[in-house]
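Across the two complexes that follow, chain A remains constant while its partner is chain B and subsequently chain C.
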Partner chain A sequence: MKLQKDAMDWLDSRLGVRELLYNNLNGYLLPRNINIWYTLGAILMALLGLQFLTGILLLIFYVPDTEKAFASVTMIMNEVPYGWLIRYLHVVASNLIVAFLFLHMFSVLFMGSYKRPRELTWLSGFVLFNMGLVFCLTGYLLPWSQLSFWATTVATDAAGAIPVVGDFLVEFLRGGPSVGAATLGRFFALHVMALPMAFLGLLGFHLFCVRRVGISSAPFGDQYQPTELTRSFTHDEHLDGVPFHPNYTIKEISMVFFALAALVVITFFVPWLFIPPEALVPANPFVTPEHIKPEWYFLWTYQVLKIFPSKLLGLSAQAAVMGLMAILPFLDLGPERRPAKRPIFVTIYLLGIWV
Partner chain B sequence: MRWSIAIRRVLSVVGFALLFLPVQVSAEETVCIQCHSGQEGRLKAPVEQWRNSVHAANGISCNDCHGGDPTDFTMAMSPDRGFVGVPEYDEVPEFCGHCHLGVKEDYLGSAHGKALESGGPQCVLCHGSHGIQLASIKLINKESCTRCHGYERAIKVKQAISSTEATLTSLEESVASLHRLGFDMKRMKENLFAQRNAFRQIFHTVELDKIKRQKVKFDKELAVIQGQVNTYEAEISQRKLVGGGVALLLLLGGGIALLIRRSYHKEE
Partner chain C sequence: MNDSPDKLNERRTFLGIILGGIGVVVAGIFSWPLFRFLSPVDKGGKEQQVRIPREKVAVGGAYFFSYQGHPAVLLQLSAGEFRALSAVCTHLGCIVRWVTDAEEFLCPCHGGRFSAAGQVLAGPPPRPLPTYAVSLEGDEILIG
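Our next item is the complex of A and B:
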């Protein structure tokens, strides 16, 4: 105990650690009506940490070579001690992360938390969400299975519909005319190096925005009133709020535990849930699987492409939707955040989820 | 200003709703299927039968048996592209035997095969043609066999092979299920496939004594495979036990954390 105190004193005298910790933990006050949806960020961070850990462990045995990739994954699953556990945790957690990212985004939309002055928080979060999807897309190819090969072929092929630069884009994404060794090489580099670094950087910025602007109050209850914004920067203070630590961190810990319990249940009892049968067959460029279908989180892009008469229109519609989503806080300028007072938005929001 | 805000909001939510529109997907098909699908009667019937067959499920298409070019409408049925059309009755064993070599040999050596020239049974009489299903012991049945002869001998053959058949079926299911869980079952699957084919081959001889002798050998081989499957299944049970324990601990931890949170609520 004394050693710990001495170490703390040493750090405190140099960096003012005690003040820093107080300001960001016990002294950091959150709104009293903060709800369970606010814990999604903590769940996502815990799962991301797990992804980094399991990803590094997988990297020890994975071979990014079209001749060896599938065999190396089979070896991880069958010969490496607890390799099956590490890989399944990585696969299942990636799907849970996407699910929680969706929930996080939907809850922010529903509560109007994206609105001014949190435009940058939303924008960085939206880019992080898309980066999460790119993480999944690039990771999908790495096992070099039939599913990997054909899902990547379909996904990269879509870029070909863009006029003028389409063919160039397809070749750029694949590193050649078709999915092959070059594609695996660049997807591997993206998945294990470029994306993690960019993701961590942007995540840091996202968290900085959250802390700097302050947590938004949940727009529910009698006490909530929309606030008119000032031109100059103001931190959203909650002077009668509850301390972030330990009052709120303990709630976050409980939710993280529940999310991890879901992860463990899927990993140990239904690990095949996110792994279609085609993922168990090595890639064969000469045999197209009969039922190739994107992962559940890419189904919407697939659907949009199918309902339009041309791929270009489908891609344009997707780009328009994503563009609108990205700049939503710059379009939706009203201060009102209470769902009951935003009937048009909420109706279509619910309709969208129902459809 | 108010209108522009309203339009922006509507545009935002309409765009958002586009994310959830539904679709349908169709599979690519050979010219044989495309052309025959549009025909009537006996020319159309094989298409639907084939779609539900074990051949279709394993990617065996029209041209694999009938020859021809499945990619060219005009040359699809040209003899120059290897089209052989419909075989004569006594040509059927040769036709099927292109792929099912071992079975063909045993069949031709059997009483069934020897009677072929005088109108004896051939492959499609029992197995069917376009709608062919995965062969099973159910194919040996009174209705089918009594079309040509009594059922007494056939039932003895069926009884002799039924336990081995049941083991084979159960092992195939176990191997498929283990493969689905990520276990490397390639060798075991190949071994089982070879055992099944060899076993099915011998009962095309319809010689009861020979079948009984061979059955003992197959049962021994299958017992070895069953032992390996049992080891894997025991490992899965152990995994589930550990996983269930860890999940319970996590739920318990989450519950305790929530209780602690509740105690803070009281202080607040």
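Our next item is the complex of A and C:
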């Protein structure tokens, strides 16, 4: 204990660590009515950390070459000790991350936490959500299976609907006329280097926004009243609140363990939920598998393209929805956050989830 | 040499514009090599013509091959009657499959159907399948 105190004293005399810890843990007060929906960010960060770890381990054996990629993944699964576990954790966690990203976004929308002064928190979070999807798309190609190949073919082909530059854009994304070695090279570079760096940078900004503006109160209960905002910056203080540590950290840790338990259960008992039979066949550029479907989180875009008579119209509709979502806090300017007092928004919200 | 605040502001604005302009030019200079680096490499290997032995494609059957970087298909509709088309569905780029009984192409992604001539019969494809010139040279079929 003395060694620990000495180390702390040493650090404190140089960096003021005790003050820093107090300001961000025991002295950092959160609203009393904070609920489990506020822990989704912590769950996402825990799963992201796991993705980095398993991703680095997979890199040791994975070969980004169209002739060797599928074989290297097969080797990881069958020959490398616990290779199957590392890969399944990576695959299942990627799906769980998307699921928790959706939940995080839905809870923020439901509670109106995206509203002023949290526009930048929302915008950075929305970009992070989309980057998460690009992470999944680029990672999907790497095993070079039938599933990988055709999911990437369909996804990149969609860009061809853009007038004038569409065909060029498709070739630019693929690095050639069809999905091939050049596509694998650029998707690999994106997945393991460019995206992680950009994601971490933006995540830092997102967390900075959360901390700087302050946690929003849950808009429930008799005590909640919408606040009129001042023009100048104010940190959202909760003077009668509960300390971040231990009250909130305990809640966060318990939810992180709940998510990890779900991850382990799926990994051990039903990994096939996320690995269909087409993922076990090496890529064949001449045969599109029958009944091929994209991952569950891209299913809506796939169906929209089927419903609309023109691909351009389908893509434009999707772009319009995503664009509106991105700028939502700049359109929805009312201070009211209670769901019961926002019937139109909640109706659109529920319809959107249902569709 | 005491400048008035207005004069200082003018000078700062001018310098800001100059620096911004230099920044844009430098960014442009560095963006072009980056853009070229990421653009598809033209290796000049896009074959203009492909030769396929006649016995590869049965009467009523289809033979898939690569033409100019894209999957293509060669049909022998009746003895000696050949037709070559792109095998890439014009909707989302999936590869169509030849349904021998119906004598038409079916896309497995969204159920688009094309005739043996490449015309759209049903489904979401916006355009027919492109066709390629076919000629016979002895025991070989020349495409393109």
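Basically, the second predicted complex is superposed on the first by the 354 of 355 C-alpha atoms of A that agree within 3 Å, B and C clash if a C-alpha of one lies under 4 Å from a C-alpha of the other, contacts with A are read in each partner's own complex, and residues count from 1 in each chain.
Note that a contact is a pair of C-beta atoms (placed from the backbone, for glycine too) under 8 Å apart; a residue touches a chain by one contact, two chains touch by 3 or more.
Note that the structure is predicted; figures quoted are calculated from it, not measured.
A.B. asks: So if we stack both complexes on chain A, do chain B and chain C clash, or do they fit?
C.D. replies: clash
A.B. asks: Taking the superposition as given, does A:V321 touch the first partner, chain B, the second, chain C, both, or neither?
C.D. replies: Once the two structures are laid over each other on A, A:V321 reaches chain B alone.
A.B. asks: Check the residue A:Q223 against both partner chains and state whether it touches chain B (first), chain C (second), both, or neither.
C.D. replies: Neither partner.
A.B. asks: Could you look at A:F286 and tell me whether it touches chain B, chain C, both or neither (first, second, both, neither)?
C.D. replies: A:F286: touches chain C, not chain B.
A.B. asks: Under the stated touch criterion, name the partner, chain B or chain C, that contacts more residues in chain A.
C.D. replies: With both complexes superposed on chain A, more residues of chain A are touched by B.
A.B. asks: Once chain A of both complexes is superposed, is A:T234 in touch with chain B (first), chain C (second), both, or neither?
C.D. replies: neither
A.B. asks: After lining up the shared chain so the two structures overlap, which partner does A:S13 touch, if you call chain B first and chain C second: first, second, both or neither?
C.D. replies: neither
A.B. asks: With the two structures laid over each other on chain A, which partner does A:K306 touch: chain B (first), chain C (second), both, or neither?
C.D. replies: It touches chain B and chain C both.
A.B. asks: Based on the superposed arrangement, let me know which partner A:V242 touches: chain B (first), chain C (second), both, or neither?
C.D. replies: first
A.B. asks: Would you check which partner chain A:M255 touches, where first means chain B only, second means chain C only, and both and neither mean what they say?
C.D. replies: Only chain B; A:M255 stays clear of chain C.
A.B. asks: In the overlay, one of 21-29, 75-83 or 129-137 from chain C clashes with chain B and the rest don't. Which one?
C.D. replies: Clashes occur only in 75-83.
A.B. asks: Both chain B and chain C touch chain A; at which residues?
C.D. replies: 287-288, 290-291, 305-306
A.B. asks: Report the residues of chain A in contact with chain C in the complex, numbered from low to high.
C.D. replies: Contact set of chain A toward chain C: 150, 153-154, 156-158, 160, 171-172, 174-178, 182, 186, 285-292, 305-306, 309-311.
A.B. asks: In the complex, go through chain C and note every residue touching chain A.
C.D. replies: 38-41, 46, 64, 66, 68-71, 87, 91-97, 107-110, 124, 126
A.B. asks: Of all residues in chain B, which touch chain A in the complex?
C.D. replies: 5-6, 8-25, 27-28, 59, 179-184, 239-240, 242-244, 246-247, 250-251, 253-258, 260-261, 264, 268
A.B. asks: Touching residues of chain A toward chain B in the complex: what are they?
C.D. replies: The contact residues of chain A facing chain B are 32, 74, 77-78, 84, 87-88, 109, 242, 246-247, 250-251, 253-258, 260-261, 264-265, 267-269, 271-272, 275, 277, 280, 287-288, 290-291, 293, 300, 302-307, 317-318, 320-321, 324-325, 328, 331-334, 344-345, 348-349, 351-353, 355.
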